[in-house]
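Have a look at the structure that comes next, please.
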C-alpha cells in the first residue's frame, strides 16, 4: 500500500529480463584535473529526467512503448582508478553477455575505457564513434596513462588504427592532432562528414561515446572544461538520432556532465533530452 | 524635497489616466510542480529594467515618447489558486474597461487564464496567439485542472476550436499533440508560418501570451523547465515586433521567467528587452 | 544480480510490517509567501543522509539495531492546499492505524495540520509540543486560513486551550503573542523551562512538531524566513533527545528546511543529524 | 484605484514632516578593495524587511506605533568619492536641520564620513560610538585617504582625541592599534565595558556607527572582509538596544552588509532585525 | 629546488626583454553603475587559462613558439578614477616605449582611456577599432565624464572624427546613436562590413578594444550589462583573427568580463580562448 | 621595473634558506567520497590571505617580523593515490632534512599520511595531535585502505598505540569509537582535557594535524562533510595557539577546507586566520 521511492531514469522501469537496453551510472571523476563534479551526473540526470516528457515530438515516439531498465550505479572506490575501470568493465560485460545494449551515464570520459574493454572482448572488430570537443589522445597526462585526457588513446591501443571516428574536436595539444592525422578519422570543429562516416561504419560493430562538451558551452555550460565554438543542440540531436537509427550500436555512453558547474539546470535538462532521443532511436 | 523609491518598469511612470498600456505583475507560481521561482519575476524585471535603455535601435523609437503605466502587483494569496485567478481577472477587467491595454508580467503560465477570462468577457470572438516550448494542453496535471501544464486547455474551453495559434512547441505528452491536431493551430519547434498565422488573425481580437521558455535555454536559462532546441532571441524579437505592430492585440502577457534559476541575470535582461520591444511596437 | 537505486533515509530500509517508526515526506511549500524551496527537503534529506553515520556517539546507539521504514512521498497536488492536507492526513492515519509512529519530513509547517488532524482523530486528548522561531498563531494570512503562518492556530482549534507548548518563539505579530498568553504555554527565545513542560506532559499523548528555524540561522541558514537569535544545535539536540526519550510521542515531524537557501549543505546535514538523534531516542 | 509599488523599509511610511527618524540609503562601495557588493544593501534590506515583523518581542513594542520615514537613496556617482561624500553630507544635514534623526543604511563604511561631517557641523562636541571588527584607523590605504579602511581616522581628524569609542575590534595593522592606544577608547574583541562607556557618554551628543561585521561571520557571513571571532547576535542586539535607549544618539548608520556575499539571505535578515530593534529603541 | 607559484597567463613566461607582446591586467571597476566584478577578471583569466591549450587548431600554431610576457597588475587605488587612469597610461607608455605591444586585460571599459592616452601620445594619427554591445558614447553618466558609459566619447576627444570604427553595437540612448552618425563609423548589431573597415584601416596605427559583451549573452553571460542579440563566438573569433593578422595593431585590450556574474566559468573560458587566438594572430 | 604576480600566503616571501617554517599546498581530494573541492584550498587560501592582516591582535605580534617561505604546490597526479602520497612525503622530507618545519595546506585529510610517513622516518618516537570532527579510524572505506576516512588508522600503524591524541571527535561508526578506546587517546565532542594532553606530550616530537571541520559548521561551512555541534573559532584558536607555543611541533597541516562548499568566503577567511595564528605561535 505504501510506495517506495525508486529513482530511475524516467520510463526505465521494466524488468531487467525484459529490457533491450540497460542503463547504468558511472559517476567517477577521479582523474579530473580541473573542476570535479561529473560524479553527480548519474544521480542528477535521473532526478531531473522527470522534468522532461517520455514522448519525443521529433521522432513521434514514446519511451513508454519501449523497454528500458536502469540498473543503478555500481559503487566505485574513488582513488583507485584501475579498480574503478574493472568494475565498469564487469557491469558492461554482464549486460552484453545477457544480449542487451549497455548505456552508461558518466562520469568523466575515462569511464569509457572500462566499457570499451568489455565491448572489445565480445566484438573482435570494434569501431568507436566519438563526439567531443577534446581529442583525448594524449599518451599521458601529469605522468598518468589513465586520465580523461588519454581515454581515446587508450581505446586506440585496443581497437587499432582507423577504427576511431572523431567529430567536433576543437581542442588538444599539437601532438594529439598529429596523432589523429596518422591513426584516427578526426573531423574538426563540427559534425560535417557524418554521413560519410556512417556509410563507412555501416554493418560494423560500433561503440558510441558522447562527450557532451561537444555542444557549445552556451547550450551546455555544465562541464569541467568548456570549449567555446561547439555545435548546437539541434545539430547534435539530429546527428545522434541519425547514428542510433542507422548504425549497429552495440554499446554507448554519455558523459562529462558536471551538475555543480551549471546551477541553472539547463545542462542537465539537455543531457536528459539527448539520452531520451538516443534511447528512442536505438 | 526628499525623493521616494518608486519601483516601476523603466519609463512606465506616466499617470494612469494618460496611459495607453498598463502593466501589472502576477508573480504566482503556486502550481509549479518542479522548481518554483517565477514569483520573483515581476519584482526582478522592474529592478533590472534600469540596466537596459529606453531607446530601441531596432525600431529607432524611445519609450519616453510613449505613455505606459506600471500599476504594481495585486497581492496574491499563495495556496488558493482559484482566488488568485479571480484577482488577476479583476485587475485585467479594470484595465480593459478603462479602454487600456493590459500587459501582465507573470508568474507561471497559469496566470494567463485569469487574464483570458477577463478578455473573453469583453471580446466575444477572442483569439489567442501563443509562444511556448510546451503545449500546455493537458486535461489535468497531478489530478488538478488548474495547473500551468493545462492553461491553454482551459483557455480552449473558453475560446473554442481554431482560436488558438501555437508556435515553437517542442514538448508535451502524446495526448497534447493529438489534441492540438484536432483543436488548435500548432506550429512545432520554430516560428515558421507566423506570417500566415498573422494573415489569418488580421482584424481579429488577439490575446498574446509569451512563455519565455520558447527561447532556447542558452539564451534564457532562467526558467523552471528549460527545453533545449528553442528559438534565438533575434527570432523571437522579430516575431513579436511583427505581431505587436500588425495585429490587434487587446491584451498580452510575458511569463515563466524564474530569476533564481539564472544567477547571471542574463534571462532577466532578455525578458526586459523583450518587454521593451513589445511595449514600443504595440 | 543488478541493483536498483532505492533512496530512503539512511538505515530506514526494514520491511514496513516490521517497522516501529515509519517516515514519509511531505514536500509541500504551496503557501510559502516569501521564498519557496521546502518542497525539496525530503528528497535532499534522504540523499544527504548518507553523508552522516548511523551511529550516534551522543547516545552510543546505532540506527542499524532498530527498525525504521521510509515509505516515500505521497504525490501532492501543488495549488490545491486542502487536498494536500487530506493526502497527508490519510498517510498519517494509515501509519497510526497500523500501530506505528508516523515521522513526517516537511515541507512548510502547514503540513503539520494534516498530521495533527489524523492524530487527533485517534487520540482524543492530544497535546502538541512545538519548537519554532515563529508563533504561527495568526487567524489568517493574506486572507487565507490555511497558511504556514496560521498552522498552530488551526491546531489550537483542534486540541484546545492549554494543549500546545511552544519553545524558542522569537517572532510574530503583537496579536499572536497576545493569543499565546491566553491559550498556549509559550516559552519565548530559548528552551528554558522544557523540564517543567515535560513533567506536565508526562503520560499524555504528545505530537511533536519541530520547525527547524528554531535553530539560530548561523547553524541553520537553509530556511525561508531565518530569525536571528535562535538556539544552538547542542541545545536543540539535547532537548529533542530528552523529549523523545521521556514523553509518549505518538507522532512527529521536522519541517521548514529549504535546501536552495543554503548551498553549503550545512543545514541539510544538521537536519539529517537531528532526525537521526530523534529516531534513535524515540 | 490601482496601487503603486513603493519600496520602503517596513513600517517606515509616515509623512516626512511627521517623522522623528528619517532613513536613507547610501549604497556606495567605490573604495572596497576586496569584494564589492555593499551597494546592493539598501535595496536588499528594504525588500527583505517585509520578511520580518514590525513587532519586537524583545522590547514588546511595535514599529507601527512610531513614526519613521524612508527617504530613499540619493543618487551617488560611482568613481567620484569626494562628490559621493558631499551628497551624503547634504542629505544628513537636511534631516538634521529639520530636527530629525538621520539613520543611514550603507554602503561601505566610508559613507559614515559624509554623515559625521554634517553632524559635526551641527554638534560642536560630537562623540562617536563605533562597533566594528576592524579598527579603520589607517592614515591611508593604497595611497588614498578616502578609503573604508581609513574612515575612523578621518573622523578622528574631525572629533579629536578621546571622542571615539570602539568596540569589538579584532583586526587591523600594528600601527592602527598603536594609534588607538593614544587617541581613542578601543575595546578589543568583544563588547565588555560598554556600560562604562555609556556612563562616560551620557549627556553627550553621540553619533552611532555600526559596521555589521562586528558580528561573528557565522551570524553575518554577508560582508566583504569577514573576521572570525566576533560577537553573537544577542550580544549586539542587547548592546544596541541599551545604547539607543540610554544615550543621546543624534544620528546613526548601519553598514557593510554585502548581499552578494551571502546567498542564503541570513545576513540581510539579521541586518533588518538590528535596524528594527534600533528604530524601536531610539 | 622548491618551486614558487608564479601566476601568469598560460605560456606568457618569457623574459620581458625578449617579449614582443606584454600583457598586464587592469582590474578596475570603480565606475560600474550596476553590477561590479570586472576587477576579478585579470586574476581569474590567468588562473583559468591553464584550462585551455596553448595550441590553436584554428590557426594551427602554438603559443609556445612565440614570446609573450605577462607583467602582472599595477596596483590601482579604487575610488580615485583619475589616478587609476594615470597608472594605466604609465604602464602602457612603458611598454610602447620599449617597442613592444601592450595587451591589457580589463577591468571595466573605462580602462581603455588610460591606454589610448598613452597610445595617442606615441602615434599621432591613431585609429580605434571597437567591438562592443554598447556605444559608450555618452557625454556624461550620473554627472561624471569618467565612466565606462562614456569611454569612447572620451577617446573621440583624443582621436577625432572618423577615427573610431564600432561593430556589434546594439544598445545606447538616442543621443549616442545620433552622435555616432556624425562622428564615428558605427556598424550596428553584427560584424558585417568588417572587411571594408579593414581595407580603410590598412596601414594605419590601430588600437583594438574588445568589450566582450559584444558576444551574445548565451556565449558570454559573465558581464555586468548583458545585451541579448549579440554575435556568436565563431563570428568574433574569426573577426579578431582577421583583424589581428591584417592590421597594424599597436595596442589592444579585452575587457568587461565579470567572473562573479557567471559561476559556470564558461565566460572566463571564452575570454581565455579569445585572448589566445589574438595573441597568436598578432 | 615590471612586477610579476607571485602568489604566496601573505607575508611568506622570505628566501627559502632563511625560512624557519616552509609552507606547501597539497590540494588532493581524490578519495573524497562525497563532495570534492578541497583541491582548491591551497590556491584559494593564498589568494584570500591578502584579505587578513599580518598582525595578530591576539598575540600582539606581526608575521612580518618572522621568516616564512611558501614553496608552492607540488603537482599531484589525480587518480593515482599512492603516487600522490609519495610526492607529499618527498616534499615533507626535503623540508625536514633542511632543518625547517613543514606546514602543509590540504587537501583532503589523507594527505596527512604522506607527511607523517616522512616525519616518522626522521623522528622515531613520533606523536600525533589530531583535531577533527571525524575519527578517521576505519580499517578501510569502500574497500580501499587509502581513504580520508582511514587516515588516522594508517597513521596508527606507523606510530602505534597511545601515540595519537584526538580532540573534538563527534562522528564515526561504532567500530571506530571502539578502536579508539583501545588504541588512541580520544576526547569526544570538545577540546576539554587539552591541558592534560599537552602535559603528556611535553618534550615529545609532535606532528599536529588540524581537520578544520572540527569547527562548528556555522563557523566553517566550507567542508565536504559538515558535522553540527562543533567547537567555536575562539576555542580552536586558543587551543592551537596554546599547543603551537607549548609543544615541540615538528610538522603540521591544516586541511579539509573545500572552497566551493562556501561561496561566502567565510570558511576560507577563518582558515587563513587559523594559519596566521599558528604560524606566529610556532
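First chain written, first letter: the chains are A, B, C, D, E and F, and each begins at residue 1.
Keep in mind that, in the parts below, contacts are C-beta pairs under 8 Å (C-beta built on N, C-alpha and C of every residue); 3 or more make two chains touch, one makes a residue touch a chain.
These numbers were taken from a predicted model, which means no experiment stands behind them.
A.B. asks: What are the chains that subunit A and subunit D both touch?
C.D. replies: Under the touch definition, subunit A and subunit D have B, C, E, F as mutual neighbours.
A.B. asks: Per the centroid of Cα atoms for each chain, what is the distance between subunit A and subunit B, given in Å?
C.D. replies: Inter-chain centre distance comes to 38 Å.
A.B. asks: Find the geometric centre of each of subunit A and subunit C from their Cα atoms only, then give the gap between the two centres in Å, rounded to an integer.
C.D. replies: So the centre of subunit A lies 42 Å away from the centre of subunit C.
A.B. asks: Specify, in ascending order, the residues of subunit E that touch 2 or more different other chains.
C.D. replies: Residues 216, 218-219, 263 of subunit E each touch two or more of the other chains.
A.B. asks: According to the definition already given, which pairs of chains are in contact?
C.D. replies: Chain-chain contacts present: A-B, A-C, A-E, A-F, B-C, B-D, B-E, C-D, C-F, D-E, D-F, E-F.
A.B. asks: Show which residues of subunit B lie in contact with subunit A when the two form their complex.
C.D. replies: That would be residues 34-35, 169-174, 177, 188-189, 216-219, 221-222, 225-229, 261-263 of subunit B.
A.B. asks: Can you check the complex and tell me which residues of subunit E touch subunit A?
C.D. replies: Those residues of subunit E that touch subunit A are 51-55, 57-58, 62, 216, 218-219, 233-234, 237, 263-266, 269-270, 273.
A.B. asks: List the residues on subunit B that touch subunit C in their complex, please.
C.D. replies: The contact residues of subunit B facing subunit C are 29-33, 36-37, 39, 75-81, 83, 110, 142-144, 146-147, 260.
A.B. asks: What residues on subunit B touch subunit D, complex-wise?
C.D. replies: 1-8, 16, 22, 24, 43, 46-47, 69-74, 91, 94
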